[in-house]
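Right after this note come the structures.
What follows is a pair of complexes built around subunit A, which joins subunit B in one and subunit C in the other.
Right, the complex of A and B next:
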């Protein structure tokens, strides 16, 4: 495999890799929540296309789910699978940090 | 096999979570706080924008009030000068006329006229001084630089505090309202020097530097506390700050016991100088 090919593989991971399950806690269409929805969808499409599932929970409609998951603020993103669970707070604007937190950088994928 | 995590691991995770929460709150990336019974929406950005807008409205109002006050002062000064000044001059002339008509035998009357004449002269001086305080005619006639020079001289004369004025803007032509604002700032600053600083020397500088006009008023007195600088009851300081901000400028005031007090106002040149005097 060429160097470029290896780099490409590292960047995008294997086509049939693990499936990622996210739960995103938002507050209606408040600005940070809306940004978090858009950012998460973009990150998933760019990095784990076809291998992700997003379950969005609106805390204004379902506060119990937030309690059960110990969510204190919105937006909060929880990576349910693969384990271990990870929570990321905020509007997910900082793609690099989000990728690092979700273990989606380098060979870890 | 020992699977037990080190005791600090959980604490470390909690700390990390807390840090992340603080970061999210600080960077305003949070829009709701989920409580046990209630969910509180946090519209920080919106609240900040509302606050900014209210602050701008207040600033515009303060600026309008300052300019209205200056206009009002000008009207009162003119009325005082025209009405009272002329009235008192006529009175003085009348008293002189009566005095000339009196015979040497009417001594008590002569005394009375002399006393009334002295009172009239004193009143004329007061009216002139009040009018000049309300609207320094010298500012309109001679311009800002000469007015500040004269203000420094008068301040030294009244208080005994040595006062110098330095500038590199002698040829500049100032916008009328900006000149009034700068003059009022200097007046207020000098009043504070006289009242509170316990200083023996004061220096006023008005310097053009790049795209800014920098006014400083410094003294060698006892300095000023932060409480006084930012106190809501420091009306003189608030007034000076408002005048500077109305000209899109900045206002800083600082000092210490060893260095005295220094007031600095920086205003964009475009807001102050309209050209060069011929």
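Right, the complex of A and C next:
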């Protein structure tokens, strides 16, 4: 998954706070993918409002991107920035677990 | 690898398992396996290949894929456990150049190992993988797909119901794309808890199980087709070996007796013995020469071999007792010069150490010798030594297979059996093969006065008259001479 990082050269950072860059791989509008979109948007709004960017990729339309990022299951959420990268598989229903995986617990609030 | 030859061999032993109309099949590139499967894997359907660790399942799959790549059937290998580089390296050690096939777009290796650091939160599906595969299938026109260690993927799901649902979805996906698919799955050794993937056996159209077992310190690999929807298949367990050319399944003789009728009589190599046998041995029959150590069994077989070679017929001598050199030198004593016959290529002596390998490897070597040398006559010296291939059962299987092949091809088969005691009548049968032997010659040492003389008697000679007397003979420097009494 190291190759994927090279594509992400643009800077979204605002001075002051850490900016979070996500890439969410979904498969069309299947229910798990739809849930993941909603869950991710909610989590971001609640915890890092104004400091995040979500790049959604539909694997059914862009299989190349899925291949490059080694995305085998959908939905897959990849935290690209800040490093280190993290991948979370699934519909993100378990908010506490997602927060822990994305290092958004405690001090970020 | 000698694929063409093996294929020809497969056809020859084809028998009743001819390709059926209706169900299209894809050759596996493994002649023996095609024969067991009645032509190959079901085209456009899913075949499950299950087996324990090291059983050879991935190797079988890989060989099918590589064969397909060279046969107008580009394929994709999806690996859930191994690294692509490791697979390339393994293939290379069997002489398969995967990298070249990849460059030519005939094979695509897809590393589908999940990052172990990934966090799982909630439900998901393998749509990503399928989307990537869809793209590859279109790009290369793939017809085959090998999903190696499919069970590893399913370990992601903590819920057996979802495992099953996902697998059914994958199955549907494969069928929709009309891919000829092979899925390998690990199984636990028998006797332990039933496999949690048992339902896969019901789902797939063709299920093949391979295993590796150790009996009497000799390892054998076996393969069994458990089911094959819409097709006949060989229902036995078939031994197979992995050698430098890949998977070799011992060509199975067909399940009906297709033995050729015996041919004309040929000389045994000694005029007096021809009289005893009312003309000699019949070509294409089986002959057992039994007797105690030193009674002259090997000499008798070599006399026949020499006579046949001098007539221009080829003799294959499978020796499990001594090396070719030592046999050649020992036979000089009764005046038999074998070296010139070996030189002219009419006699081939192959020496094998029985305990060096399991019966399937022995069989494989014997079949290879038979195919390459195309003999008219075969001598096996001695069947008593074949027990050292593992067990009496193994020896019996070995001898039966050789005998069947010989009978199908009209090859004369001479078995030598060493008996231990003087009461040899009870022992001669040796490993239970005597009932299928056409002619039995018994050699013994018989005490007469203060000395021991050598005697020969014909115990049986199917379809031919023969003497019923004991005949006394001597081994001289001109062969075996009858002692007139």
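We adopt the following convention: the second predicted complex is superposed on the first by the 91 of 109 C-alpha atoms of A that agree within 3 Å, B and C clash if a C-alpha of one lies under 4 Å from a C-alpha of the other, contacts with A are read in each partner's own complex, and residues count from 1 in each chain.
Definition applied: contacts are C-beta pairs under 8 Å (C-beta built on N, C-alpha and C of every residue); 3 or more make two chains touch, one makes a residue touch a chain.
These numbers come from a predicted model, not from an experiment.
S.K.: Looking at the superposed three-chain arrangement on subunit A, would you call subunit B and subunit C a clash or a fit?
M.R.: These partners clash in the superposed model.
S.K.: Is A:64 contacted by the first partner subunit B, the second partner subunit C, both or neither?
M.R.: Only subunit C is touched by A:64; subunit B is not.
S.K.: Applying the touch criterion given at the start, work out whether A:86 contacts subunit B, subunit C, both or neither, answering first, second, both or neither.
M.R.: Touch status of A:86: second partner only.
S.K.: If you stack the two complexes on chain A, which partner ends up touching A:19: first (subunit B), second (subunit C), both, or neither?
M.R.: Neither subunit B nor subunit C is touched by A:19.
S.K.: Applying the document's definition of touch, where does A:27 land relative to subunit B and subunit C: first, second, both, or neither?
M.R.: both
S.K.: I want to verify the contact counts: of subunit B and subunit C, which reaches more residues of subunit A?
M.R.: Counting contacted residues of subunit A, the larger count belongs to C.
S.K.: Of the partners subunit B and subunit C, which touch A:98 in the superposed model: first, second, both, neither?
M.R.: After superposition on chain A, A:98 lies in contact with subunit C alone.
S.K.: Residue overlap on subunit A between the subunit B contact set and the subunit C contact set?
M.R.: 25, 27, 30, 32, 59-60, 63, 66-67, 71-75, 87-91, 93
S.K.: Write out the stretch or stretches of subunit B touching subunit A in their complex.
M.R.: For this pair, the touching residues of subunit B are 17, 20-21, 23-25, 27-34, 36, 39, 41, 43, 45.
S.K.: Enumerate the contact residues on subunit A facing subunit C in the complex.
M.R.: Residues 1, 25, 27, 30, 32, 35-36, 59-60, 63-64, 66-67, 70-76, 86-94, 97-98, 101.
S.K.: Can you name the residues of subunit C that touch subunit A in the complex?
M.R.: On the subunit C side, the touching residues are 111-112, 114-115, 117-129, 131-132, 134-135, 156.
S.K.: What residues on subunit A touch subunit B, complex-wise?
M.R.: 25, 27, 30-33, 59-60, 63, 66-67, 71-75, 87-91, 93
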